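We just call them A, B, C and D in the order they show up, numbering each chain from 1.
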Amino acid sequence: MVGNSLGTLFKIISFGESHGEVIGVIIDGCPAGLKIDADLIQKELNRRRPGQTALSTPRSEEDKVKILSGIFNNFTTGAPICLIIENKDVDSSKYEKIKNILRPSHADFSRLMRYGEFADYRGGGRFSGRITAGFVMAGAIAKQILSLKNIEIIAYAREIGGIIDDKEYDFKKIKILRDKSDVGVLDSDNSQKIIELIFQMKEEKNSVGGIVKCILDNFPAGIGNPIFNNLQSDISKAIFSIPAVKGIEFGAGFKAARMKGSEHNDPWIIKDGKIKTSKNDAGGIIGGISTGMPIEFNVCFKPTASISKSQKTIDIKLMEETELIIEGRHDPCIVPRAIPVIEAMTAVVLLDHLLMAQKIPLVLEEK
Amino acid sequence: MVGNSLGTLFKIISFGESHGEVIGVIIDGCPAGLKIDADLIQKELNRRRPGQTALSTPRSEEDKVKILSGIFNNFTTGAPICLIIENKDVDSSKYEKIKNILRPSHADFSRLMRYGEFADYRGGGRFSGRITAGFVMAGAIAKQILSLKNIEIIAYAREIGGIIDDKEYDFKKIKILRDKSDVGVLDSDNSQKIIELIFQMKEEKNSVGGIVKCILDNFPAGIGNPIFNNLQSDISKAIFSIPAVKGIEFGAGFKAARMKGSEHNDPWIIKDGKIKTSKNDAGGIIGGISTGMPIEFNVCFKPTASISKSQKTIDIKLMEETELIIEGRHDPCIVPRAIPVIEAMTAVVLLDHLLMAQKIPLVLEEK
Amino acid sequence: MVGNSLGTLFKIISFGESHGEVIGVIIDGCPAGLKIDADLIQKELNRRRPGQTALSTPRSEEDKVKILSGIFNNFTTGAPICLIIENKDVDSSKYEKIKNILRPSHADFSRLMRYGEFADYRGGGRFSGRITAGFVMAGAIAKQILSLKNIEIIAYAREIGGIIDDKEYDFKKIKILRDKSDVGVLDSDNSQKIIELIFQMKEEKNSVGGIVKCILDNFPAGIGNPIFNNLQSDISKAIFSIPAVKGIEFGAGFKAARMKGSEHNDPWIIKDGKIKTSKNDAGGIIGGISTGMPIEFNVCFKPTASISKSQKTIDIKLMEETELIIEGRHDPCIVPRAIPVIEAMTAVVLLDHLLMAQKIPLVLEEK
Amino acid sequence: MVGNSLGTLFKIISFGESHGEVIGVIIDGCPAGLKIDADLIQKELNRRRPGQTALSTPRSEEDKVKILSGIFNNFTTGAPICLIIENKDVDSSKYEKIKNILRPSHADFSRLMRYGEFADYRGGGRFSGRITAGFVMAGAIAKQILSLKNIEIIAYAREIGGIIDDKEYDFKKIKILRDKSDVGVLDSDNSQKIIELIFQMKEEKNSVGGIVKCILDNFPAGIGNPIFNNLQSDISKAIFSIPAVKGIEFGAGFKAARMKGSEHNDPWIIKDGKIKTSKNDAGGIIGGISTGMPIEFNVCFKPTASISKSQKTIDIKLMEETELIIEGRHDPCIVPRAIPVIEAMTAVVLLDHLLMAQKIPLVLEEK
């Protein structure tokens, strides 16, 4: 408890603030003997790094991963792994100015009621999306372990600013299609439309949200600890730790509410000698335990709260109404940069469950 | 961990099986000095008790709460409270017959892959909706404590089988309207239509799902432990422990994905000297911490997996395809009976957070 | 947290009060597929059952184990196992009379300061040694699983009332010798002297304490999670949950403080092709991790606090000094009955660690 | 779980290795609004810093605390506090040479069986006493909070190498006496004898252990969460995380085993209108809950395992017996440097319990 730890046998601890010294993460419980490919960590970090295209915040951070502990001779040791990135392109002046003005749909008021005036408000402090860089570093390591079991996690934008792509794609093609798009969508026409929309939002000083879909392939059946540590519960808990998430649904999700049992139920079949379902409206999880079918879920992101449009709000020192124009640097749409974060948190949670299910050894193969 | 415990300072432990001796719950960490109104526990249990109307399963259980520990002279003592109900109207014969046939969208296969052949499959065993009776008993006690702080939790059916009610209601009227309806919806016309639909489903040997909305009034601002134990994370984790839940969304939820920042952002205002927002698309939680506005979320239930229609599936002993007609007793729609369960889990989670925030003392007022 | 749960993957939850309905325990995380020998549970319970010899309290309880959940067709299912015994020979009148008099070295004052006047004080309530019956039931199941790995735990009284036996015994003989003695010591002369001493204490209305030694044979090397969940930490935490324990020491223990490094250090040797130490002053644990040598520790019990001799104390209602003669039924020495409790808690903790180390599967062999 | 986290509401996470980049600690759950006196942290670190007198290891480390997160404008923010010291005077050559030789009573074999060949063995890696620098940093902050409640923790050496001081001292004088001694004992004659003994050990290439006593003054009554999170359990768990600890006893401790109930029981008295006991053989904890009397316990340290005397052991690569002379830098007696570590871990555990008992607010007084 107390908020900054997640997991049981593969546990991550998040620390750092947007405009503090560092953003960091500790992994406690990483199996020993994983050859650490620091480039892979960096590659994941780069996927969510700001300032890479004109679409995102102009804050320019190198976000270079630095390993403080837990790795020896390029292998994990079983000891806690501490990973940090430094905050370099910090400009807190804009935040100083509006420190008493509540930014609409930001955590300013929540934070004051929880921590008093002591919290670091600069750049959003602990509430900044920047803390998810720590999630991504931990996830990069989790993904390397999952890949030893051929488990692959892929997320992509399914919908941004109302531009929707609900086509079905072959799992093997998703990664290729997504990586072609600057906004992480699969259809190239949509990609273009969305890019234009985001530029338009930037110009209009507004923002948009969207939906990210996440799919896991090759995840084994029989994983999950009902009742309370079932897979849906633990995935959703981790995903809601990502700033701006407002909803999650598994498989058919909210559409299931409008289906009949005879439509929604997934018939069991035998395919290539294996037990499968002929469709996957359950999203790969029944009774909180994996079925061996792909795990699939959608995550909804609200539009970026920081907009440069004038907004009505209040000054809490003066206790009077005022107008606010947020000047800081921000993304008109954070969905594309959230994609690797969703993958990371999913990897962290599911690796923890695989360790509890004894599907991953505590000491990986000797070199 | 290991699945059957939830919470930090107000912790519940679930036990019991659908056709075992009992369904039970332990509450560890209940403040001492709460006058226990056993009638209130029973009243909540009765709300989810089967066999009350022709709409639900014919299984007839008295579900009478029995207190095994933790209460002395009608007050909680601070020691673990153990509450049970006995399983009486048990008929396991139907389950014996189909024990090797995978029921579509049931946890049969998940369970086998997780627990081998040892799990109690009768009546769904640990995967039965009946285990939520334990949630309701714990929630009844949590609600009594929350009511000392004037916090009220109300859930109702917003949509069943595609019949939707998205009108806004005054909080004070919701309970009255809901309690008038046999299916827990607020609009009486809808209520009638839904009742007819459920009877039709029964006749068609089919089932429907729906959406439950939950609202909390008077919940204080500043509660929640970001990053990982934020309110959205902890509520969603608890809610996904309820069988048949496939999605959750807070505030505007999935609709937020199609809104612009300027539309979605909730402007801060001063009203009667208090800091509020003029609307509540955030659903009362920003940055994972309560804002003092009503906490609002929607929960999606899939249609009951047990249907008496013939379904395609497989026999796992013979490893061959077969047809299945499920004969057991079940609800064509579990949404109405799930309403008190949603309230209960919400109460349990939020009381835990209020205790962590030191808003509830460990020893309540002396008698 | 909140006190009544212990463990990570094999978790026990304690409930019940001395004069309440029941004493109980829930085991969450027990592997599926263990054939439950209820007789073995009963046999362990009988070892700590009161009223068996003239040496212990005259309270006469059958202490018959009743299984409420988690067992199906005589095998564990993987679901939470709830075990209870009923309290039958309850006489609370003596406690009513002295309810405002603080019994010296009892938890009366601690309890009042923690729980106010709400706690169940009858027979010591939650602070009674009787709650350890729950520990013993959980331990009986843990021991059955450990025995599948040929791990054996044996505790015995090494010292009672100053009568000391510090001879070394062959592990294989300890159980036989101990079971011959009514007070759980190995030397028959000492046994007789101690029995006489305890009868003398009874007559003198006084009590004595003692030291229990616990040894584990065949416990594998490499188990333990430093830094904080090392074996010494987790064993000591569990052992201090047993009422009246005031000290624990591993291996040479406090004697190590007076040894030189050259004396205390255990030389590594190769014996029968295996890596061992030539002596075991470390008590089988170095760096918090098992070495493969027998795990050995001593536990110190204070003399029973309840004595029928007149004692000086205070009446907290009147806030004045008074004399107290405790009339209830109690043991002049609880050490013999504590022996199975030590074994039980040790079994529970070490099974949890073996599960974390993936040395015990989650589903045991198919029948 | 997984070993490197401790606590519930005030949680510490330990990381770093003896010869790695850093030794660090994260504090999760520190109340907001504590004015951080970095000098106080440094002062505590200096107490356990190596190389300060000729009595300790010649390893010379500045051990300068560096704050990476959680502090803003000199106040704690409520966010995780990450504190590190850098490892500078690292000489791993000696360890490389003996990497296949098991050092007697060191964790070499335990480590290999737990982590395979992957663990960082240099300077003991995670098993080095150096990791306790992290404990001390966390403890320094915990102590600052406890001091706001006038709770003072003082530990001192009661016995080193068989030179014993069992006199009773007035609490107020202990700190002054202890700080006069280079080895942390209270009696100046003993201090001189112990210093001579340690120099003699150095010359003899041998080592000695000892006993540290810890006392808490002004700790309130009513703190502790029986059964499993009682104060004795949680203190002992934390203390056994300190390398070289082999025993702990509260109050009269092991001596209680040889006392009669009439001797051991602490009579309750009224003194200055307050409820106290006339003596304190319980060590301030009964039933696992504080009584308001000073909390007192003794901790036993084995002699330093690293000695430069020739020792018999084995080479695990060659699987043959050999002789070993350990050349690294080490303390002939670690007891003096362990004193601040005992205080630190005690502070961490008890602050956690005070937070659970709602005796410390989550946001301290506004500046």
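We take it that a residue touches a chain if its C-beta (ideal position, glycine included) is under 8 Å from a C-beta of that chain, and two chains touch if they have at least 3 such contacts.
None of the values given here were measured: they were computed from a predicted structure.
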item: Which of C-D and A-D has more C-beta contact pairs; value: C-D
item: CA centroid of chain A to CA centroid of chain D, Å; value: 39
item: Separation of chain C from chain D, taking each centre as the mean of its C-alpha atoms, in whole Å; value: 27
item: Junction residues of chain B, two or more chains touched; value: 1-5, 8-9, 14, 114, 126, 356-357, 362
item: Chain contact topology (line, ring, star, complete or other); value: complete
item: Complex contact set, residues of chain D against chain B; value: 1, 8-9, 356-358, 361-362
item: In the complex with chain D, residue positions of chain A that touch it; value: 1-5, 7-11, 13-17, 20-22, 24, 26, 28-29, 32-33, 67-70, 72, 75-82, 84, 114-120, 122, 125-126, 362-363, 366
item: Footprint of chain D on chain C - complex, ascending; value: 1-6, 8, 14, 102, 104-107, 109-114, 126-127, 131, 159, 161-162, 201, 206-211, 220-230, 232-234, 236-238, 240-241, 243, 245-254, 256-270, 275, 277-278, 281-283, 285-292, 300-307, 309, 311-314, 316, 319-321, 356-357
